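Structures are listed in the sections that come next.
Each of the two complexes below includes subunit A, the first together with subunit B, the second together with subunit C.
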Partner chain A sequence: MSHIADRIISDVGLESGVAALTTEKIEKVVTRMLKGETGAKLRAYKETCMRCGLCSQGCHYYMSHDADPSYSPVNKATETMYELMDKKGKVSPQRIYEMAQMAYTECNLCKRCAHYCPIGIDTGYIMSQVRRICYLLDVVPQYIRDTAHSHASTMNQMWVKDDEWIDSLQWQEDEARDEFPDLRIPLDKEGADIYYSVIAPEPKFRTQLIYQAAAIMNAAGVDWTMPSHPGWDNSDMCMFVGDYENMGRLKRAHYESAQKLRVKRIVMGECGHAFRSVYDMGNRWLGHKAMPVPVIHAIDFYWELINEGKIKITHQYENPVTIQDPCNIIRGRGLMDKLRDVVHFLCKEVVEMTPNREHNYCCCAGGGVINCGPPFKNTRMTGNRVKAEQLKATGVHDVVIPCHNCHGGIEDIIGYYDLKMHGKFISDIIYELMEKPEV
Partner chain B sequence: MTEFYVFVTGPLAWIAFGFFILGGLYRLISMYAEARAKDVSSIAYMSWYYGLRSILVWMIPFKSMGWKSDPLMTVTTFIFHICFLLVAVFLGAHVVMWDTAFGISLPSLPSQFGDIVSFVALAGCAVFAYRRLALPHVKGVTRCQDWFALVLVALPFITGVLAYHQVGPVLLMTTLHVLSGELLIALIPFTRLSHALFVLFTRAYMGSEFGGVRHAHDW
Partner chain C sequence: MGKISSWDWEPGQKTVVKSLSPLEGHEWQEEPYVSPDGETIVAIVKVGDGEFSVRTNDSVWDATFEKIWYPKFSPDGRLAAICQQDMEWVLVADGETMGETTDYIWDTMFSEDGSSIATMYKSMERYGMSVNGEPWENLYENATMPAFTKDGAHTAAVVQAESMAAADLDGFKRGAYTVAVDGEAWKGRYVNIWNPVFNDAGDSLAATCRTTVYAHTIVVDDKPWDETYTQVWEPVFCPKDGGVVAPVRVAGKWGVAKDGKILWEPRYVQCFYLQYSPSGEDLWAVVATSYGQFTACVNNAAWNETWPTVSDLVVSPDGQRAAILASNCNEDFRIVVDGTPWSGTYDMAWPAVFSADSKNVAAKVEKNGRFRILVNGKSFERDFDAVWPPIFNEDGTKVLIRAIENNSYVRIVAEVCNF
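On to the complex of A and B.
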């Protein structure tokens, strides 16, 4: 059995954070956290866990490391949260480094292990609370910390300035009008049916996705809008960092910008973690049991358009494809059937990975792990060999991936294991196949 | 010795049941109060339907991914718990006890069968011990408390079998058997065995989250 102490990775955020720690400070923060924020749920988990180890096989890290017990969910909980609880926070700063590395980079919070634990223990929740403690101790990997800072300062993940945002949208509108002369990206349209929100990497790096979304909205005749003001970014790294204060600010801004425009619904682009933050985490922090503005994921939206006959395609996608089930919208929101309906509508042949649907393995990018940046890339690559095997076994070259994080993670895995595959968003395929006006 | 036996089967038994019932109530109520105070955003999502659904599904062997992943453990867990309940409630001698102490009359197991069931339960304990010793992913997370709980459960079976087969002085063995049984009962709320009290709630909560919020199966 390996030990986290033997695989410490140098990260400036973790190092400088730990350098500023004292055992007293750790004790104080842990006590404050355990007394103030966590409650019976965590205590019951710790006490009720029978240390049976059944959860081990649920975790792709464990499976990918040839059943190394160090990566099993129960061990991760034991070496971090349970130890902090047992020792009442009396641990050394170096131990916090190890715990932070474990919690931020060796768990994707994907909750697959939940399918394996008879007791019903939610290791994802436990690891989130470890991260919360590490955040309060200021021991956070540098890259994700940076992103969270960007959220806190600009209300978006990528430090996109307010005018740059509007600029990007208008630029895409302009481009698209060559192809679709009537196309508009309506900004701040009050009372629209749909408010379309994206994650900040879309205007920054993947602007063509906004183009494609506009093309689809245009072709389907949807009454839609995008906001010109902050709140447009639905992504949420603060949630993964454990910075719940800023997570709350982000979610409130997102909901409020939609409320300001009195729209009927929010449709979110193809991202999983952003969706988690509105139905699972941010909403609870804000005290919303139901969402104040109905929010649906792009899969849901495309499914509706297809069922209402609003998406017309000229032909089906010829090459066989496989489907990545993103945890946050499948195990997280039950969209597996709709995802399949949409993909089968668009594509001739679908080769499923096994296991799939809510039992699918995480891409190993999720839970903010990919956002911890280059120092931890190998953690993700070696930590998810099972995904590479799963992908390879399908024998196809195209993977439909309706989640930004999964895209990053799977493209990396494809490269690392030389699988010669390529990821596609659903909107990539719809755009490719849809009827376009002849210009 | 006889006086001690009378004490053990009399007042001490009541004390043990007292610990179990009052202690159990105390643990459940205080846990619930803490949840009301600090886990509001979780309690809000508790659902009878999904909670019960999850409990029922997990009572079916090999239905969930977890039960499928480790057949030895699955078979052992189910058989052990069934045997435990059978012996605790329906063993001939226990049925007599229920009747004399509480006036509850229950059908009793044929004594031969009760004997077999006890051995099977012990075999279950042996498998649990084997897992803790031999499987790296279980060994690594096993602590003294886990061994303590296992010994606590195994002792009444060991002494019971010895007493029944009249190995060693019968009165002594019987007294030890009753003592270990009482220890077990009294300590359920305060050891790892408290999973007997809490597992329904953790399971129901996971079921509610998965069913009601996440719209997915939790098995």
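On to the complex of A and C.
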């Protein structure tokens, strides 16, 4: 069995944070957090865990490291939160470094392990609370911390300035008009049925996704709008950092921008973690039991359009494809059937990964792990050999991936293991196949 | 356009534009906007290849632009829009440009009487604000969250006053942000600063801020409160004594602090949208009394009934009454006045409007794709294809309805007693 102390990775955020720690401060923060922000759920998890290890095979890190117990979910909980609880926070600063590295980069909060636990312990929740403690101790990996700073300062995760956002939409509208002459990306259209929200990488470097969404909305005759003001980014690295205060600020901005436009619902693009933030964590931190404005994922939306006959394709995608089931919208929301309905409508042949649906392995990018940046890329690559094996076994070249983080993670896995595959968003395929006007 | 009293309040209906079909030669016409007095309906129109203009009733601006967006009527009745010409942007009011073109402008704001118009402003990758086309002398690396005084004399925005390298955690923690008033940055630097707001006189400004990563508080004229909290929402000035109040979160519960001292003991699951009565005697808010149970609250006394979602708190001019929009997570909207919902649920609702004497309340609602105007809970005699929020006349006896029916734009003055 390896130990986290033997695989410490240098990171500016973790190092500078730990350098400023004292055991007294750790004890104070841990005690305050456990007393003030957690309760019976966490205690019940700790006291009922039988250390049976059935969760182990739920974890892609454990499976990818030849069943090394160090990566088992129960060990991660034991070496972090349970230790903090047992020792009442009396641990050394270096131990906090180890816990932070484990919580931020060796757990994707994917919750697969919860399916394997006989009593349903949610290790993802436990590790989230470890991250919260690390955030309050100022011990957070540099790159994801910077992303959270961007969220707090600009209300989006990529330091996109207010004018750059609007300009990107107007630019994509202009581009698309060469192909769809009457296309509009309606800004701030009060009373529209649909508010379309995205994550900041789209205006920053995946603008084709905005183009494609506009093309689909236009072809389907949807009454839609996009906001010109901050709140347009539904993503949330503050949630994964453990900065719940700014998670709340972000979600408030997102929901209020939709409420001001008097839309019926928000349709979000193909992102997984943002869905967790809008329907599970961010909304609840604000005091909402449910979502104050309904948010549906793009899969749900495309499924509706297809069933209403509003998406017309010229032919089906010829190459066989496989499907990545993103954790937050499959285990988190149960969209596995709709995802398959959509992909089977669009594609001639679907070769399923094994296991799949709610048992599918995480991409190893989610939960903010890919956002921890280059220092931890190898952690993701070696930590997800099982995904590479799963992908390779399908024998196909195209992977339908309806999630931004899964895209980044799987493209990295494909490159690292030389799988000669390629990821596609659903909108990539719809756009490629849809009927287009002759210009 | 002048004061409301100068508008046409003769009861009855007038067809302002008989046909809203695109005018001859227009390739398309976008969604319409209506002036407050109801005499003008406008829409952005495509008049040629890459050429856009603004249709105003049955005529069109002489000027054309490559792109037009953000059409807004100012309180004095002018139509302001943001227009692009030769790849640069300029503010245009009633077809006349205001100031020089620049790299980008956005976020149009008006003074109370509409005589001054402010926008956000960008030139050569530097950011600030502009008033009536005149940009700040000092520009910054970034500027967000604009504020504009009621009299139009002063502008403010959150600005990035210090440079930061990529992923510069230390630079961020030292504080790179502050507020610039009329382009002059405060001396203080903050980890973050949000939601600047001027007092009514325009001589004081408060904002939400983080003085350290973990210390949230309120800053007034560059002086942070001594007390800090785990989270703070946007501040409001008290019109009575000039003090500043804000919702604050302590030990997981929300309350209200005034000038750094607790005013409402933290006991709510949520508390936001603070508003003072004009006298400053009464403080209103939206609160969650329990998880998922939202309602309005005055002077720390919540209304009895709660709803899953509450928004758009509107306080009456006398400060004694209030209305909110309550919904079941954006469905089954109800207009709730003084704690009691009007009968009927709606697919969408717009903020309630009080008459100047605070006695009457009106609102726009949508049901099954049709739009209605309600006054004191009762509907106007018919519904419309589209309608704009109602406006009361000065004595509150009449209400102006601006609506589209059968492809015509109509202006209706209805008597409140007939609802």
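By our rule, the second predicted complex is superposed on the first by the 439 of 439 C-alpha atoms of A that agree within 3 Å, B and C clash if a C-alpha of one lies under 4 Å from a C-alpha of the other, contacts with A are read in each partner's own complex, and residues count from 1 in each chain.
In this text, contacts are C-beta pairs under 8 Å (C-beta built on N, C-alpha and C of every residue); 3 or more make two chains touch, one makes a residue touch a chain.
Since this is a predicted model, take the numbers as computed values, not measurements.
Within the superposed three-chain model, A:37 lies in touch with subunit B and with subunit C [touch as defined at top]. With both structures placed on the common chain, the touch criterion links A:191 to subunit C but leaves subunit B unconnected.
Contact with subunit B, but none with subunit C, is seen for A:50 once the two complexes are overlaid on the shared chain. When the two complexes are overlaid on their common chain A, residue A:404 makes contact with neither subunit B nor subunit C. In the superposed model, A:287 lies in contact with both subunit B and subunit C. After overlaying the two complexes on the shared chain, residue contacts for A:131 are found with neither subunit B nor subunit C. Applying the stated contact rule after C-alpha superposition, one finds that A:95 touches neither subunit B nor subunit C. Looking at subunit A, you'll find residues 37, 287, 289 touch subunit B in one structure and subunit C in the other. Taken together, the subunit A residues at the contact with subunit B in this complex read 1, 37-41, 43-45, 47-48, 50-58, 62, 67, 69-70, 72, 74-75, 78, 114-122, 279-280, 284-285, 287, 289, 330-336, 358-359.
Every residue of subunit B that touches subunit A in the complex is listed here, in rising order: 31-32, 34-35, 37-39, 41-42, 44-45, 54, 58, 64-67, 69-70, 73, 77, 131-132, 135-143, 146, 192, 194-195, 198-199, 201-207, 209-210, 213-219.
Subunit A contributes residues 12-13, 16, 36-37, 136, 138, 142-143, 145-146, 149, 152-154, 161-163, 166-167, 170, 182, 184, 186-189, 191, 228-230, 245, 248-249, 252, 256, 259, 262, 264-265, 286-294, 373 to its touches with subunit C in the complex.
Per the touch definition, subunit C reaches subunit A in the complex via residues 27-28, 30-31, 67, 69-70, 103-104, 106-107, 120, 122, 127, 142, 144, 160, 166-170, 172, 177, 192, 194, 210, 213-214, 216, 230-231, 249, 251-252, 269-270, 272, 288, 291-292, 294, 308-309, 311-312, 329-331, 347-348, 350, 366.
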